[in-house]
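So that we are looking at the same thing, I have put the structure below in structure tokens.
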């Protein structure tokens, strides 16, 4: 009991399934292609399912075709489909985004057009046909439209925020929220407000947002973020006595867990002392395991800002050239503490000890012994 | 998440309506509150993970180096206001004032979308400052916690808009007021989670 | 033009698709929302996984029968014990209990279905697909190999490079969704849909225990959800949660896992407690001794169960304060458990005991669970636990609890409720054989493990060596062999049950209306129950309502029969409700549930597939929300004769 | 819409009047402002307790008024607060074993 | 089912039975206990009921009474159930009174176990804190687990003559009567250190340091096994604790600190040293070993193995085991000789190390020939994508038989 419509859809579904399988198996699959084909497959199988399930919806051709064929309604979907195809072609030679837009537009056109054509043939009654179209497509259209709407708002808004500076951002953010709320209040307290005015406000706001979003995209990110991305300044530690502009900015945290510390290193009265876990008293050297992340807590109890710097031996950068391996905490103000984790793989050799020291404070160091 | 969506339509499943139930309460509402109770344990777990890991930064920035308190304060404020508009929608629904219900639902959704937009901005900015998903324990747990919250907000927005569409087409099953109220409960829950996140994660330094 | 009118009717104007109208053949099961059909499907699924998990167990025991076993290699062995535990816990005991709950809760509280029938159907399909999804990993590069506790960092991408752990984590996530929805559904059902007059303290004890279990599930599942998300994010998206080099603390996983995992233990055992608390009174011919105590001890176990999780971590270096506190709280939970055992024993005391197979299993539970409970007390003592944990002593302990407790209880339930579900009596003679093979087999298998453990054989070893087996005739080699032989006896026992099902289906005795002289509401309907359960909802005046409708005290204080079960039922039928609305079947639960494993496969292999799965779920959700509330014909006409389960079908 | 009555006096079956809700929202906004001010003004030792207390107040207000828990059947409160208290208790205990609070 | 025709007859029989049972109770209890003990293996090396040090002893004296109490309660329940089954079976008696319980009895039966548990709780509490006491520690040893072996390093400790850190693996050597603190951690996954005769287990958690205390009363060798599931060869991750008298321990320390002695020129062992330098020093460290040009050899296990460490072989033949204590370096006869010796002669036998006739050639050669075949490890180069090409265990080096011959000769010199 297959209607011609469902046969047609089954065929398309089958074809898209085959092409998807072939694409995944034979062609080197790319995410875009896979998404496109699987989208096609999803859409066609959904339509197939719907037509199959609703064949008891009086949509059989014989009953209604004669009447229906006389009343073709104007449709924008062929146009959308064509535009989608154009975008797809443009996309293949420019950027993948355009390609995806093209695919999406074509899919949407395919689905809408097919369902529209099918529904128009289902009876002679236009209202009934519209209803049947709605019945099938609304559940698909609503979520997609909602998702697109949300995505546009989120995307545009975030582009604007990225483009302007932090302070202006906060102000614009609150202004936007206030505007939305105010419009809400306005409409709410003036029930006689005309629909057209509300519509105009909505369209203007939407256009404004999208325009601002595009402008924001054009401007790109604010300079400080661009610089941050280029420099990656939190990865670059400066382990001497200098005060790094970024790395040392705003250290006031204390560590929150102390369960895994091998030793606590404290700076008190200009002296560096070690307290190894499980050993009573203070030591001037700690024995640590090789090849194991060593967690050390550095606590600055002296006035002034100090950092703990760990010398971890040398590493070969090229034949005959080696470099000191050093890691460090940030500059810590008095009373602050920070976690330092490092790993030493090779045993200590006499004469070249591994050490923990305070840059700018001579003569104070804790030896790290690795058996 | 989808469970909540289900509330759009479950009212008619309960062949014994609220009036006949043993407690005199609606099944859907009882289920919804229970669901929110279980969500406490979900967010509790994520928040605890963050609390445990917030100070553990090997590479990359520490919390205080990236957080932008003025911006986040505005975010919190926006979400708080959306709670107000949501409650107005619920209130209007109970008064059978369709126009106001629709209006406040849309306004709530818009405020929610602005919030999520702000979050997308925040994530992008953090990423540029060298804080990727895998950078440190702090970054992983931060993104997972706030990301889960963001997903909850997004689901809420979708539900609000879907509800708006269904109201338009008269397709809301069961009592409309109750359906609006259920989505309202979900939305407020997302708000109270943010109240906690804002204080514990942003305002209290690691 | 007539069509328009059709569309304008409220029921059909709402949805994109009509609800299924054909309810014959496979559609009867696939699109059903009937709690009884779902209950049976839950049980069938669970039984299937019980056999799978049992075969895994047998392979494990065969490997360990002799020193340096060669049947499995180390890798396969690790997968085997991981999947054995996962299957038995998540895919056998939990779904089996869910099946019993689904089938009998509405019947026991006098309801016609659960609160959210479609969610109920979704829950079942999600569980089935989740279970199949986990087991799919066997064929796709190997199953999970980190143990069911999946301790980090051994579960990380470096130490477990196959996709097994991915399948495991995502599959449990799916099963977790099923459990969570099921829990919310059953709690609402129990709270809201009780028959008139059924106060909380008149609810059957099985219903009570299920209520406690569902609360535990509702609050415990989100915790494992968090843990599994963290694990999946680490394995699939490069998060650092358990990456020790980045400073992570592996104990985080242990806490999250056991905060879920300990309530989980009670989730597994309490349904069986509920079952035997139904069975013992029926076959002792007297009410459950101390009903309120049993109820409150169940609730107490539920509460205290949240405060004991760290006893699984006594050896992990929590520090003395935590260890001491959790040690004490663990001892505390023994008290309400003890209360239950006392009450069961006192229910037998002074009764008129009828030793049916169901009763045998129930009594077996009392004794064997007591052994498991007491061995549990010995390692609530934290210092002893550091000697016993991760040895076979623990394996012995929890198998006495879970096999001697949970499984025997479930089997008791099979024999007790089979006539109710299928209208035929399971063969009692075969049942007795089944019982003895299982009990002897289980004691042979798990009893020696006490000795193995106390004499120092650790768990999870793919081989053991004679070097550490000691000397003498009764050395560890001997006990390992005995345990393996016992497992085969156990297999025979379970096989006998399957045979019994088969024989009963072929030529079983048709069950009388009230074969056991039962006491609670689920027996106040035909065998099997009609689609709408009760022709009229009974009004409840007593705990054990059915019994009190059949018996009353005479002047001498002796119980005398005042009505037969048939008469009680007749009375209900005579007052049948005129219009009974039953929920209509639906296409969407299975569609949404199917979207879940597709999405998860996508997470593992390719994101486009995940998007596709997401689309299925989204479409399913909208179809769900927009489908009409009923199928075209909804009204049900009252029955004309008593045995009408066949004629009455219509769920509209 | 009645915009004059005090929130408490106008508590109906479904909660407050519009003005009542707006009032609650204003209080919440004010508390949020106060919270944010801790970032700029040094509260000394009061910092942590003050923030936590304000958080709890906001939480409870939203739950009680916006979510109507105050006006609704106690069963809902039981269900929700059971989950909440369980979560707080269990997770705080877990964090305590990591020496989080000391 | 047999139907007993005469109910009163049955009842009297039952009564007699219960009386007999009551009289025999102590006998039954005693027999059950003895039977349980008799049904156990003798001399099981990891028996948890054979404490050999004060820590394990504390646990033992705490748990034995608990076992006894649990056993008695179990018997009472079993007896009560059995009695009910016999006494109250359906013999046609009328339907019993529908009594719903007896609150007083219930409360009593709730309070009694609660009291018993409270008593147990008090003792548990004390023992927990007692076992966690660390202030009187006399010696510290770092214990590091990795897949699938244990490394021990002894920080410098002048009191015991340890002038510079000692590193060893497989066998932990401690002086008797000394309170030793083990600081445990792991380089990869969680392991658990467990010598049942000396103390309960304690997990070695990566990123954490956990503390466990052991002390042995008498010289001897105590077996243990990793008890936290740690992957493929978890079953093969064993360890032994060797307790030596204080004097013997000093000798052991002195031997460990002894500098490297190169084999004499022209011997097979010298050729073995060359093979070792070429094949083994990528990962295995032998302290003091130098290349031909005199530069010290420093192994780089971190570049080849995921855990970043492999056993240090400096004094291999002073140990009795290899490959994570999975295999013995001694032949079964020699091993028995050491394990079975009394505490007086044990020290000397252990310190003798491995001599050529005692060497377990089969396993050692097999190991050198193809290690992954002897012990499951992720050592297949094709499966190392996840670890970036690093091994998790010893790979198959493809050594020739003559190389193996030479290596064995060389290894025998590492006393």
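Per-chain residue numbering starts at 1, and chain names A, B, C, D and E are given in the order in which the chains are listed.
Keep in mind that, in the parts below, a residue touches a chain if its C-beta (ideal position, glycine included) is under 8 Å from a C-beta of that chain, and two chains touch if they have at least 3 such contacts.
Predicted model, so just to flag it, every value in this text is computed and none were measured.
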Smallest count of steps, each to a touching chain, taking chain B to chain E: 2
Counting one step for each move to a touching chain, how far apart are chain C and chain D? 1
Per-chain Cα centre nearest the global Cα centre, belonging to chain: C
Can you name the chain that lies farthest from chain D, using the mean of each chain's Cα atoms as its centre? E
Would you mind pulling out the distance in Å between where the CA atoms of chain A average out and where those of chain C do? 39
Using CA atom averages as chain centres, what separation in Å is found between chain A and chain E? 48
Take the average of all CA coordinates in chain D, do the same for chain E, and state the distance between these two points in whole angstrom. 53
Roughly how far is chain B from chain C, going centre to centre by Cα mean, in whole Å? 33
Mark out which residues of chain C touch at least two other chains, giving numbers and ranges. 191, 218-219, 223, 244-245, 247-249, 251-252, 256, 319, 622, 625-626
Would you mind listing the residues of chain A that make contact with two or more other chains? 138, 142-143, 256-257, 259-260, 293, 295, 339, 341, 343
What residues in chain E touch two or more of the other chains? 206-208, 211
Touching chain E in the complex, chain A uses residues 259-262, 277-280, 287, 289-293, 295, 343, 345-347, 349, 369, 371
Residue set of chain E touching chain A in the complex reads 134-135, 137, 140, 142, 144, 151, 153-156, 164-167, 181, 183, 185, 187, 206-209, 211, 285, 287, 296, 298-302, 307-309
List the residues on chain D that touch chain B in their complex, please. 14-15, 18, 21-22, 24-25, 28-29, 32, 35-36, 38-39, 48, 51-52, 54-55, 58-59, 62-63, 65-67, 73, 75-76, 79-84, 86-88, 90-91, 94-95, 98, 100
In the complex with chain C, residue positions of chain B that touch it: 2-3, 5-6, 8-10, 12-16, 21-23, 25, 27, 30-31, 34-35, 37-39, 41-42, 45-46, 49, 52-53, 56-58, 133-137, 139-141, 144, 162, 166, 170-171, 173
Chain D residues touching chain C in their complex are 75, 82-83, 86, 89-90, 93-94, 96-99
